[in-house]
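A, B, C, D, E and F label the chains in the order they appear, each numbered from 1.
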Amino acid sequence: MAPTPPLPEYTAEFQFLKLSYPSPGVMHVELNRYWREFEAAFSRISLDSTVRAIVLSSALPKLFCGGVDLSFLQSLNHNTDAGRSGLLIRQMTTEFQHAVSAPERCPYPVIAATHGKVIGLGVDILAACDIRWTAEDAVFSIKEAAVGLAADVGSLARLPKIVGNSSLLFELALTARDFSAQEAKDLGLVSNIVEGGRDEVVGAALGLASRIAQLSPLAALGTKRFLLHAREHSTQSTLEYEATWNMGVLQGPDMVQTATAAIQKKGKVDYAPLAPWLKPITKL
Amino acid sequence: MAPTPPLPEYTAEFQFLKLSYPSPGVMHVELNRYWREFEAAFSRISLDSTVRAIVLSSALPKLFCGGVDLSFLQSLNHNTDAGRSGLLIRQMTTEFQHAVSAPERCPYPVIAATHGKVIGLGVDILAACDIRWTAEDAVFSIKEAAVGLAADVGSLARLPKIVGNSSLLFELALTARDFSAQEAKDLGLVSNIVEGGRDEVVGAALGLASRIAQLSPLAALGTKRFLLHAREHSTQSTLEYEATWNMGVLQGPDMVQTATAAIQKKGKVDYAPLAPWLKPITKL
Amino acid sequence: MAPTPPLPEYTAEFQFLKLSYPSPGVMHVELNRYWREFEAAFSRISLDSTVRAIVLSSALPKLFCGGVDLSFLQSLNHNTDAGRSGLLIRQMTTEFQHAVSAPERCPYPVIAATHGKVIGLGVDILAACDIRWTAEDAVFSIKEAAVGLAADVGSLARLPKIVGNSSLLFELALTARDFSAQEAKDLGLVSNIVEGGRDEVVGAALGLASRIAQLSPLAALGTKRFLLHAREHSTQSTLEYEATWNMGVLQGPDMVQTATAAIQKKGKVDYAPLAPWLKPITKL
Amino acid sequence: MAPTPPLPEYTAEFQFLKLSYPSPGVMHVELNRYWREFEAAFSRISLDSTVRAIVLSSALPKLFCGGVDLSFLQSLNHNTDAGRSGLLIRQMTTEFQHAVSAPERCPYPVIAATHGKVIGLGVDILAACDIRWTAEDAVFSIKEAAVGLAADVGSLARLPKIVGNSSLLFELALTARDFSAQEAKDLGLVSNIVEGGRDEVVGAALGLASRIAQLSPLAALGTKRFLLHAREHSTQSTLEYEATWNMGVLQGPDMVQTATAAIQKKGKVDYAPLAPWLKPITKL
Amino acid sequence: MAPTPPLPEYTAEFQFLKLSYPSPGVMHVELNRYWREFEAAFSRISLDSTVRAIVLSSALPKLFCGGVDLSFLQSLNHNTDAGRSGLLIRQMTTEFQHAVSAPERCPYPVIAATHGKVIGLGVDILAACDIRWTAEDAVFSIKEAAVGLAADVGSLARLPKIVGNSSLLFELALTARDFSAQEAKDLGLVSNIVEGGRDEVVGAALGLASRIAQLSPLAALGTKRFLLHAREHSTQSTLEYEATWNMGVLQGPDMVQTATAAIQKKGKVDYAPLAPWLKPITKL
Amino acid sequence: MAPTPPLPEYTAEFQFLKLSYPSPGVMHVELNRYWREFEAAFSRISLDSTVRAIVLSSALPKLFCGGVDLSFLQSLNHNTDAGRSGLLIRQMTTEFQHAVSAPERCPYPVIAATHGKVIGLGVDILAACDIRWTAEDAVFSIKEAAVGLAADVGSLARLPKIVGNSSLLFELALTARDFSAQEAKDLGLVSNIVEGGRDEVVGAALGLASRIAQLSPLAALGTKRFLLHAREHSTQSTLEYEATWNMGVLQGPDMVQTATAAIQKKGKVDYAPLAPWLKPITKL
């Protein structure tokens, strides 16, 4: 018998990130400096059937993310031989990667809103988000090479597939130099530069999330999955996947509801949540 | 014994699209609102050994494509159980995908010239064309999410591989909002914005097609196939494919003819058609 | 028993390319018109443990690369049947591809600095380099289709993965027309346009190489390999590869040396060369 | 609008193969010497919603298949240059491959029943069938290498994935020697040797087909697709495909009908045909 | 900061499976009828640094596994539309697959010892184990097609890659018929038939596990990973993976310890456990 | 300009292996204990246009291969840090893998004839050969796990794809135990057990090679390549590769020569060598 999915009960227990519902269907995740709770938060949100879109931002006024604490990297020595130390490094790297990839696994679209310093791990996290908007004051850096390692938790694995100029990407990754919001847009890393700083970009991203939250959640879920699938598979394989996916999903009522609403000139459709069998999360 | 390839006999039988030969080697396909004949037309053109390049446009002054008729999507119910309905959806989706992919399968380069509204299915078709030029008056929309479904006939499967900013692509697909010719160019969806409307962009595209029509058809066919192969396979696999392909094709006379013409200062080479054993299509 | 890696002994034996060490860790490769020694030079440099970054440029004032000599292409006929001629074409194409791919195989980052005419083979070579900067005077052409063949040594195999606008790429490859430095940047083929000509772009590239040469060579090597791996594999596969790679490499001292230097406010770290067991190459 | 699937109307029009319905849900395809109609027959059967399983055999007493007529292979010369001749060879080979693959594409399980000589093309066809039984009198040969070509329509492409001893496979393909039913079983090419000749093996295969015809057609269709998918993709990819497929298909009533029948001790369930919207084919 | 791996604390809390340490380094997992705890048990064992090899068997005298409870399959209806029901099916199937795959993910070799009835889910579990031995009294069945569904938790996804006769596999999966230990061996599903029943096969498997437990755990871990990697990737990709893996692992002392022991004629080497930083699990 | 392929000049210079031409078109490679010259010998043979098939055996009466010298494995320490040591291990492993893979890269079919002890590296070499025959006196062992490492030069990378019982393979690789010729055949590692010892199996293999040497070399080359391609790619990809390959190769005269000879009842055809432009190697 398959385990029934555990019901989420997330409350205000998170210390280093803050969750809020600023508008219907929109979840706002604000990161503080520590990211330990990052994966746990996304796992819970993924099971919250009232969510339709997520905005990820920093809670700090001048810093989106300052990178991994170097003392952590130095702590990996466990007084064992090089073979077993290697296995430990691999296990912890794999867990770290899994955490950073949480926005990508999340069924709902995730909008990153960056500002201030976006350093090292900050770019890794950014690369795992679906839509990437930035304040004009942001300064980015693929910092890892400057601290003596090749970045292994997401930036180098995802960026070659999601930006449009490999030469610029190699330059930024191989020099670890700072680059501006404009250069991030030229690269294809972000798609919108919002005038101002943290407040302005968060406000704009929340507006975008509200817009997405009004669409059919079946349509939004499928659109995200299909775009991610296409990034990783051949075109023919994705077409086949889409047709197979829609065998079941297209039998949902959302398309008919939309058409009926259009005929009846109703502006907004009340789509059912994705997982009506899940209790809404109320303890937040 | 293998079937001999059926000889094309296309005549003026198409109701909803118009075919014409505006200049040597150039086929112009003009779509009306209905696209049922789309695949059949490309299948025939693919066997026409006098064609060297194709321009695909709309025949309507203000509309490139208005998307799928929603009543069709609603008609898929066949009073059967959900399992068998799923199989029907899958079969029809697969056939629809196959039709939309016709420009990609076609051996000759296909230039899309868009103008006016380019909605939903219009973007799916555009994504299957090799070169994409637009009039400045065009307005695009990846519309499917707004009508309650995840687009499954080409846009989401192809665009992640052919544009340069995944963040903008997710935003456009997840909001289904309109975007302009300039934004389409920033995205990497089109490469040229022609001032004016339908007539201007079609004229420019026909000029480009004429230029391509003067090249060796072996070179043009191979170039298209190699670029498409590279999009779907590893670099090493494509290099191996290219070397294997050219085992046979490079023994054709086109390269020598070109070199000889260059030495003799002849501006134009009369290359043989790709398939001289096929009778030209005369009944058009 | 595995063969011990042959020690490099390169001297001034190259006739058609010139090697020099303009600054610590930087190797400058200057091509003359002939490229026969191209692969051999990179094979030797790859074993030189004093190198950290490479600049590839032309030695000629107005020409980066004029393309393959057409007489070579015509020389492939060996008076044998079409089957065996095909095998010869395949073998020579494969060897040619292997030579052109040398910058990609090289463990050190390779910066191409182009100027003047960059024709046919010039673009193939450019596509195999990691960072691509150009002088503003450069004129590019994916020329092969204009001489009657589909390019099979790198341009068509690599460009679809490293640029951001497939429509523009198809247009340039299918027309073989000239395009400017600005269009090359719009395409995503180059990332920086340096004012001036050969001297200016080479100077700028050498400066960039010096900057890269100061990073940990373990970090630079890994960064290059990870970005190239990501271009060819799924994201999950690259994440797995990175974690597996760093099982061993992260046990090197470079990260700790960097952290220590940062704490001690030392600006520069003296990292060990990548292959301390290799004798430095002194006969140059 | 997607084309509605053409209704099958197959009649007794086939000259070189014979179709019959020996028992409910079982289609028997008997090949004569010529295979031109092979693909057309399978295309029609694939749309026949009364079929549940297919037996493919020869109509001749001593010969399953004698291989391609060599005069056909010699006829490919079309008095054109080697480049364009190559394109013709490629097109015809691709069409030939498509025909031979028809049993694999067919949604219903296909059981091959071989006897007598199974030469060249006979093995290619056999490799495209799901279940392969043979009479003990059969003699097989992967004959192509003995007539001067490398087999390119299925044997060499499929056998490495479906047999269990690559060394024996290379030996048989590289010597083109005859091999017996027992060796075919040792290789993994067939799974059952039926005593006797054509009549006995066909009888046994029809019995097996009857057994399969009593299962849920949704289950049989999915089982065939999943096994074929697994042969071509990673395990993880197939698991994902299966879960996605069953989103729709598992909502059919077949599983509940089976459970209910089991509880009610009913031996046989009357499952709905796969495509109840298709008219049964009556003109046979 | 990456989460530190949770320390295992497994005690006798499992109701439906029993864990024991019959000999040094050997963990014995005995399944009762219910498998809910299956994944949890393997997750804990995977973190137990005293384990070197695992034997998986049933605790019941006449039954290895009777398949999924049909009432579970019928319970999936949640009174929602077909689109959202499809998502629920997909999520539960994915979780079920993840549980069944636990032996494959486990770093230690897993030996399955089957006897009695091995039905449906039993074959899925078997296919996820590394070494498969059976008692001669076993009767197997890929039962799913007989209950109206296509098996989607492992059998059809793994068996095509691990057996040697695809024809027999299709026959067994498409008829759902019983097959004997001998036929299972002919198929390649098991590799050893032990005379007797449950006790005999478990005894033989424990002996095999003891033998494996004496090898270097680095060698055993790597051997399992490499064989599984090869099953899923190209040969070249696996060779590259192996060389990259051994960059770190080969720096462990196990190879030198083995050689030294051989020179010193010591029969047994005391290798360090794989994860010396993990506390041994003592509460069992 | 592409480098012209270097002409082979191999003489009797090899110390540790012996080359001879026992019959027309057959090259016999006899290994002594050391294998350093293994790759060089195959590189030369690959360019010898008089070769059609190769037999690989040992020159020693009781030993096919005793495995890698452990002192070599211990010699990899170069007094450097673990990061750079890892790179050295990786480089040497990659070179070693490349050498062991030489039979697979060789254009001509390679038949391994084993006898006596076939230990560790012996199985790696065996797995890289096309046809594998053994004397009945052979004893095999995938020995690496017993000496503390996971085999990384071919056995674990190739065997999962070329044998028919993954359970037996895991058992042999995880116990490192001896296994007999009969078990090797049951596994699918060899396909023929020749009574007797070294002389008998070499004699039988030379007879098989003579048979292959009489076929068209175009057919033999293509058959080997197609079977290897199919092992590594999807069926559809191999079919496409085969059709593309035969665009050129099928224009050779071999097929017509064969047909003509058959009509004229000539038993043997004098096919041209694969590379008539290469001088035969006469200094042997």
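FYI, a contact is a pair of C-beta atoms (placed from the backbone, for glycine too) under 8 Å apart; a residue touches a chain by one contact, two chains touch by 3 or more.
Protein identities per chain, from UniProt: A, B, C, D, E, F = ClpP/crotonase-like domain-containing protein.
The structure presented is a predicted model; accordingly, all values stated were derived computationally and were not measured.
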Fewest touch steps from subunit C to subunit F? 1
Shared touch partners for subunit A + subunit F come out as B, C, D, E
Could the interface between the copies subunit B and subunit C be described as same, meaning over half of its residue numbers are common to both, or is it different? different
If you average the CA coordinates per chain, which chain's centre is most distant from that of subunit C? D
Looking at C-alpha means, what's the farthest chain from subunit F? A
Report, in whole Å, the distance between the mean C-alpha point of subunit B and the mean C-alpha point of subunit D. 34
Quick one: subunit B and subunit E, Cα centre-to-centre, how many Å? 49
Note: subunit D residues in touch with at least two other chains are 82, 85-87, 89-90, 93, 161, 163-165, 188, 218, 221, 231, 244-245, 247-251, 254
Flag every residue of subunit A that touches subunit B in the complex, lowest number first. 109, 130-133, 161-165, 188-192, 208, 211-212, 215-216, 218-227, 230-231, 234-236, 238-240, 242-251, 254-259, 262, 269, 271
Given the complex, residues on subunit B that touch subunit D span 1-3, 5, 34-36, 39, 68-69, 72, 78, 80-93, 95-96, 99, 218, 221, 247-254, 272, 274-277
Taking the touch rule as given, give the residues of subunit D at its contact with subunit F in the complex, in rising order. 70, 73-74, 76, 82, 85-87, 89-90, 93-94, 97, 101, 144-154, 156-161, 163-171, 173-177, 188, 231-233
Can you check the complex and tell me which residues of subunit F touch subunit B? 241, 244-245, 247-249, 251
